[in-house]
Amino acid sequence: MTEALIFEKSRSGRRAYAQAPSNAAASSIPQNFLRTDQPCLPEVSELQVVRHFTRLSQLNFSIDTHFYPLGSCTMKYNPRACNTLALLPGFAGRHPLGPDSHGQGFLESMYELQEMLKAVTGMQGVSLTPMAGAQGELAGVAMIRAYHMARGDTGRTEIIVPDAAHGTNPATATMCGCTVRELPTDADGDIDIAALTAAVGPKTAGIMLTNPSTVGVFERRIMQVAKIVHDAGGLLYYDGANLNAILGKVRPGDMGFDVIHMNLHKTFSTPHGGGGPGSGAVGVGKRLLPFMPLPVVGRDGDSYRWLREADLPQSIGRLSGFMGNAGVLLRAYVYMRMVGRDGMRRIAEFATLNANYLQARLRDAGFRLAFPKRRASHEFIITLKGEAKSLQLTAMDMAKALLDHGFHAPTTYFPLLVPECLLIEPTETESQEALDRFVDAMISIVEEARLEPGKHKNAPFTMPVRRLDDVKAARQLDLAWQQD
Amino acid sequence: MTEALIFEKSRSGRRAYAQAPSNAAASSIPQNFLRTDQPCLPEVSELQVVRHFTRLSQLNFSIDTHFYPLGSCTMKYNPRACNTLALLPGFAGRHPLGPDSHGQGFLESMYELQEMLKAVTGMQGVSLTPMAGAQGELAGVAMIRAYHMARGDTGRTEIIVPDAAHGTNPATATMCGCTVRELPTDADGDIDIAALTAAVGPKTAGIMLTNPSTVGVFERRIMQVAKIVHDAGGLLYYDGANLNAILGKVRPGDMGFDVIHMNLHKTFSTPHGGGGPGSGAVGVGKRLLPFMPLPVVGRDGDSYRWLREADLPQSIGRLSGFMGNAGVLLRAYVYMRMVGRDGMRRIAEFATLNANYLQARLRDAGFRLAFPKRRASHEFIITLKGEAKSLQLTAMDMAKALLDHGFHAPTTYFPLLVPECLLIEPTETESQEALDRFVDAMISIVEEARLEPGKHKNAPFTMPVRRLDDVKAARQLDLAWQQD
Amino acid sequence: MPFIPHTDDEVQQMLQTIGANRIADLFDEIPKELLIDDLRGVPDALSEMEITRLMRERAARDGSPLCFIGAGAYEHHIPSVVWDITTRGEFYSAYTPYQAEASQGTLQTIYEFQSMITSLTGLYASNASLYDGASALAEAALMAVRSNRRNKSRRVLLASGVNRTYRKVAEAIAGSQGLTFDELPLEQATGVSDLNALSAEGDAPVAVVIQQPTFFGTLERIDEITNWAHAQGALVIAVVNPTSLSLLKAPAQWGEQGADIACGEGQPLGVPLSSGGPYFGFMACAEKLVRQMPGRIVGRTTDLDGKPGFTLTLQAREQHIRRSKATSNICTNQGLMVTAATIYMSLLGHGGLQQVALRSEERTRALLQRLTAIDGVTLVFSGAHFHEAVLQLPQAVAPLLDKLAADGILGGYDLSVEYPELGNALLVCATETKTDADLDAYATALGRHLAND
Amino acid sequence: MPFIPHTDDEVQQMLQTIGANRIADLFDEIPKELLIDDLRGVPDALSEMEITRLMRERAARDGSPLCFIGAGAYEHHIPSVVWDITTRGEFYSAYTPYQAEASQGTLQTIYEFQSMITSLTGLYASNASLYDGASALAEAALMAVRSNRRNKSRRVLLASGVNRTYRKVAEAIAGSQGLTFDELPLEQATGVSDLNALSAEGDAPVAVVIQQPTFFGTLERIDEITNWAHAQGALVIAVVNPTSLSLLKAPAQWGEQGADIACGEGQPLGVPLSSGGPYFGFMACAEKLVRQMPGRIVGRTTDLDGKPGFTLTLQAREQHIRRSKATSNICTNQGLMVTAATIYMSLLGHGGLQQVALRSEERTRALLQRLTAIDGVTLVFSGAHFHEAVLQLPQAVAPLLDKLAADGILGGYDLSVEYPELGNALLVCATETKTDADLDAYATALGRHLAND
């Protein structure tokens, strides 16, 4: 089942007429400013649009239709109420430059969101403005840089990053004009302390860590790591991608981190939307408070207002045209209020329970764990190095075969240091049965491969398309439909 | 692809906790009133509910996903705005017994809807209260009965119905305590005038007609029919199932009808919802005005109110607990306002254009029309009598085979008088390409049957289930899930 | 042309295929004198933007008052999931599932709905819905007459607590077939049927209708009346509130043999108040009556491969097959509402529905406590209530309700019109949606208005 | 436990499988001193009913004022279809389409979006979106520096009409890599860049940014500036309003060679104002620059059977592959907004989008006519405007805006803060959503407040 392009359904002169305003008088704009060609937007009826995009939607896997155990992405249930309430006309219709007097309901919610995020992270201040995790990282590293610069400590331009880190970490360091120094991971998934000690020095701006780390285990010597970095004059950055694993149990602020970004679209369940919008709110310790990105919501007695340049003169500045992904923040606010104080802790507990259960069941079924001596956090890694060799069943093949079994694939080939790896994160909102069925599918795929090695090279078999030619996609670029 | 029952996903103690109110104090109701067993509602999480019903929805064909050329059902595009606006909190939250002062926005819309429906039908009064076409029929026949009774004309208990009529017509007559007299249809699809003349008499309460009729053609001698029935003392009932075919072109009131029901879920595009809710508003001529079912919206200057028993003392009474399917009426109101005066006529014109085009293309492709000498109205009939014999391709087989081609089946085996018939209604919202593709599918099914007669006995092949055993369903009743 | 996809070129091509010159030619079989030129009375088209603005203004005019009216339609919290999923195009824009293989989503949903209704009522079978609670009672009465052939009576006896509007609707719908409806007298102290009147009953009725909880929110003596009715050879029809069934005895458990038919208004199960509809009626019955049930019924069966699947069944009862001999003329029912209700019940589960019932009952008690603390306001009926109750006011009800409405409070349903014998009686209701602040607001406003007079 | 499905029995079974006694044991690798007991600062959970009530009250408090503010975010009618379809679970709750075979819906939608953006801009390729218009400009500036290796400058020259907030954002994001931003002077009479200043320019900038229409709603001399920039060896970055592109010259047509990169704010294409986000930035570029583009890009390819399909492509540019050498650190972008915009553009088509543009322009003219008829209110810049314009008021702007806000009218954007040299300058905007009555209401209120002082 595939769907023709919307352009192929277009007929010159067709129109969804209820959607255009009445014909306007001719433009008063001089001819030399006007375009002479006609852009190829499709000319289709309203029913055609509805049918086209409804059918396209059905070609997707999604949380609402499938178990989606994607490591490092926290694909938990997105409560519907969050969306409904964020789209209430009073919120959805509010102009970003409208006066604070017509936005107290919104601003109060944002202020309370800042307070709740401070509480769960143990930080001293929160700015909601970054529009995704990577922008939160950028804000964080920029604040670290600004801190050193403000102290006249201008030589600190190195950011230390573990080799297993998310790609956004080194990419962000570069964007902030820093250089990257990679740190090896030891056999049990911890940071190599000797290497860290050797790495820090007068050039150290800071270190970027995820804890639990990207290999799915908690960095046990985090306090020692913090001391080494702080003693060397650097600051600690917490990548919040895995915050779900420790919510309400441990706080990055207590571990010694100076700055954190939170992926609200992971931990606080705002929708992933097929690739965004996210939200990368940042939290800071005392040292970085003056440098937070603008705007931030402040409170004067019973009223709320945006803090601007005059309020935070040392701010690293603005990262968005207005004030970040406000509607995403509203969804996160609603989610946090529905989960509540006790629910926060349960998120970490049940996410961890599910991950450890799934890890135990897969281990018992014969799969090889990347870090067998460790507790799983909310995710864990298995390696198919053996199966790739003996059964011609690579991590990629397993991923595609799982699609045929009605499961979205786990994250594959990340982190890069584990060969043929699957990074599996079940989240707290999946039931035991769902996990059991997933294990059954993994087992049966291996059984099939035993009977017919290499069989899954051609998987998936039941999707709208078969396996796609990525090499061709990159070599013979076809990035936009062209009218014949 | 099928989906387990929601009960099979239930686990004792599981709950969508955000959806229940906080625990209440114990009930004050004495023990003897309380139930002692626990009803088997499923115990599932919110994600499980979302996933279950989202996946179930994907098992359906629908207008939003497929061309749905179901005769006599007018499966046209249901504009999304109609739903959105009917669910605005001020409308959706309004209690039916709330004071008129808190319902002027709703009542004004209903008053204007009544006026617009009067305009398009040429009737003198409209009551919006019937909740579906069949209830509109009941209201209509009850009014006819009440009219005769009020005149002391108590012997008029016979309702004349063409043999091709919808089953609801005779069933309604029975429900109103009348007997049914069937009238044959002639070879060109018109009423047999001689038979009509013979049928009418002092027992005649009225006649129920659809025009264009259920065989898809306009009853050309409608004025003569009206005269015969009226002269005999009977009244004429218009079954509005096919009103879409003549909207803005001809008005039942002008044809001589005394009462009409409209299927707002057909002509005025409120959603069919997998079997309702519909709305069967009735329009009446002058003679039946006093008998309209309650309530009706009245206007006093600038304010609107429900007319009740005191306002219409001869009313046939109430047909619903409150005032009918108000939310459906709102959707129809929005639709009519968006279509507007000129759009009404275009509905009939383009529905008729599509039907005649499809009829011509199928005829040219070798299919046999049931009434080849006639214009199609907004629908038409082909008979597969020949194909059933020569290719073992019955109307049922064609219907199931069309599903495999991505088209919903036309209406099959109705009207009963045409053997192996398909009643096909494309509606005005389908494009020429959609019709062409449908013709292509019909042709290719016949081609397949030529190559392999009887092949489609086993169709469909690509649906979530294969052809279902209806006989077993009726013999071994399984109407509800039972806990083991 | 809103919603019509045709371009001018296509129209010309299509006419050519047909062999017509103009679209008008396609109407040439219609007598010329019938064709009209213009539709006076229908205004010019509005764009979606314009109608959106208009309807938003109208909806805003109707506001969001604090509502303490029940009387057959109840404000409950409706989870966002319910209508988000129900209005998915695949449910919203599908037809009645005649083509079963292409309608398994709707059919399985109905099967699950039927399972839930049979479980709540304790009865054997449920249909796929009727229009609403009132018309469901009319259909139940007709069904009882069809089923109870030994009893030639066409008289239906109603317990005193049956909603009077339901009676009117039953009379309007079933009256043409000669059914008559009588009402048992009300026991003034308790607000339920006076059982002493049963012995005075003459000819056995064909059916007895018992509403539980009653229209007044009181609890009827269901066991006694059910047993009496069965002893008379009458069938028993239960009219029940589905929320209450999470708490109260299921109709199948009433008396020695249980009610024969249960029906009621499905609105409390996730359906918005929406000025009275669309709601849905539900109906369940004992095994022996299933072939007399009106409306659609879904059954589970198997396909050619032996896999389970769902289909409409027992269609021989229905109008499209049986025509004038059908069990009812019903065709379209309230499918989408049933989808919403099935999702609602799945989300709540038994425990959640019971919490809604318990919380509503508690809220009503809390409201009564506050209101009867006001001078001159008293509770009319003794005994247990579900989530509604009748108050006696020291003044005429209607003017007081107007004053409360001006405060944004809908104070209840004025019983003095339909039940003048009850005096200045007001039926009030509080569901789980009402906070302490809401109850206080009502009590304060009522107290103020009564003190000012 | 909201949203957590586990029953107590299941938890016990699962712990047994793991070999742990309690859930707490699963956290035994975490240093004990780090574990916290309680989360002060997070309130107790609210049920969906409770949070619904709370948020409805807050949203109602923010109201629905009549809005004449533009300044980078524009109120347009959003057809119901757009968000009904966009929020379908299959779009809403899907992840970035890394597993292409299970994500063809999202991928094809993005491919169609890219096609629409390239067609509107006239450029070769579009990415799958950036965060918003302002950050898109920052990325475009960085991209220009990467692409324009012959030019060693890191100075970016901005036309006078570039949104000042965009400049601030570009400085915050790109400043750490040594990029600096200068602004051409404003020609006071016309409200566009003073071209005389070009000859005074010293070192050639690496890129020139031209916003069309300008922040003031005026129309920049795009051809002259583009040609000048290319002559200097600078790349040209167009910042454009997508609605206006249905009417105005496409960036690829600017000057002799066309702009090299176009970017802008996608919000006008069906995205609600929503206090400033989520919106989306779009970006398109000439063929030679495609491998320097940041963000995701979807390509069409074929599957094992040769059937067409869609996949993420050119991933070697991205952070998850290239890490510290990536074109940007962007990962998550604004996917759902792109889905909405694609549906919006499909519904409107070229003709509909042009009608929106024309009608907005006409409404703004009609507004200006009414407002400049008020004593002391004048239009600041001569020449053509799109759907925004600057007015000079006879009084300080801020207090007047406060008075209008009290009337439920948001009168525009106060320019006097950012552009004190313009005096009491107010930027006003009227889109197709404004009726004559709306315009009259604004004019009447403004006239009244000015007359009263």
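Note that the chains take the letters A, B, C and D in the order they are written out, and that residue 1 is the start of every chain.
The criterion applied here is as follows: a residue touches a chain if its C-beta (ideal position, glycine included) is under 8 Å from a C-beta of that chain, and two chains touch if they have at least 3 such contacts.
In UniProt terms the chains read A, B = Probable glycine dehydrogenase (decarboxylating) subunit 2; C, D = Probable glycine dehydrogenase (decarboxylating) subunit 1.
Predicted model, so just to flag it, every value in this text is computed and none were measured.
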More contacts between chains, A-D or B-D: A-D
Rounded Å distance between chain B and chain D, as computed from the means of their C-alpha atoms: 46
Cα-centroid distance, chain B relative to chain C, in whole angstrom: 20
Between chain B and chain A, distance of the C-alpha-averaged centres to the nearest whole Å: 48
Sites on chain B at which at least two other chains make contact: 11, 14, 16, 18-22, 44-48, 50, 54, 58, 63-66, 77, 79-81, 83-85, 89, 338, 429-431
Chain D: positions in contact with at least two other chains: 1-6, 10, 45, 47-49, 52, 56, 77, 79-81, 84, 87-90, 432
Graph class of chain-chain contacts, one of line, ring, star, complete, other: complete
Chain A contact footprint on chain C (complex, rising order): 1-10, 45, 47-49, 56, 79-81, 84, 89-90
Chain A-touching residues of chain B, taken from the complex the two chains share: 9, 11, 14, 18, 45-48, 50-51, 54-55, 58, 63-66, 77, 79-81, 338, 429-431, 433
Residue ranges of chain C touching chain D (in the complex, touch as defined): 47-49, 52-53, 77, 79-80, 84, 87-88, 432-433, 435
Chain C-facing residues of chain A, complex: 11-14, 16-22, 44-48, 50, 54, 79-81, 83-85, 89
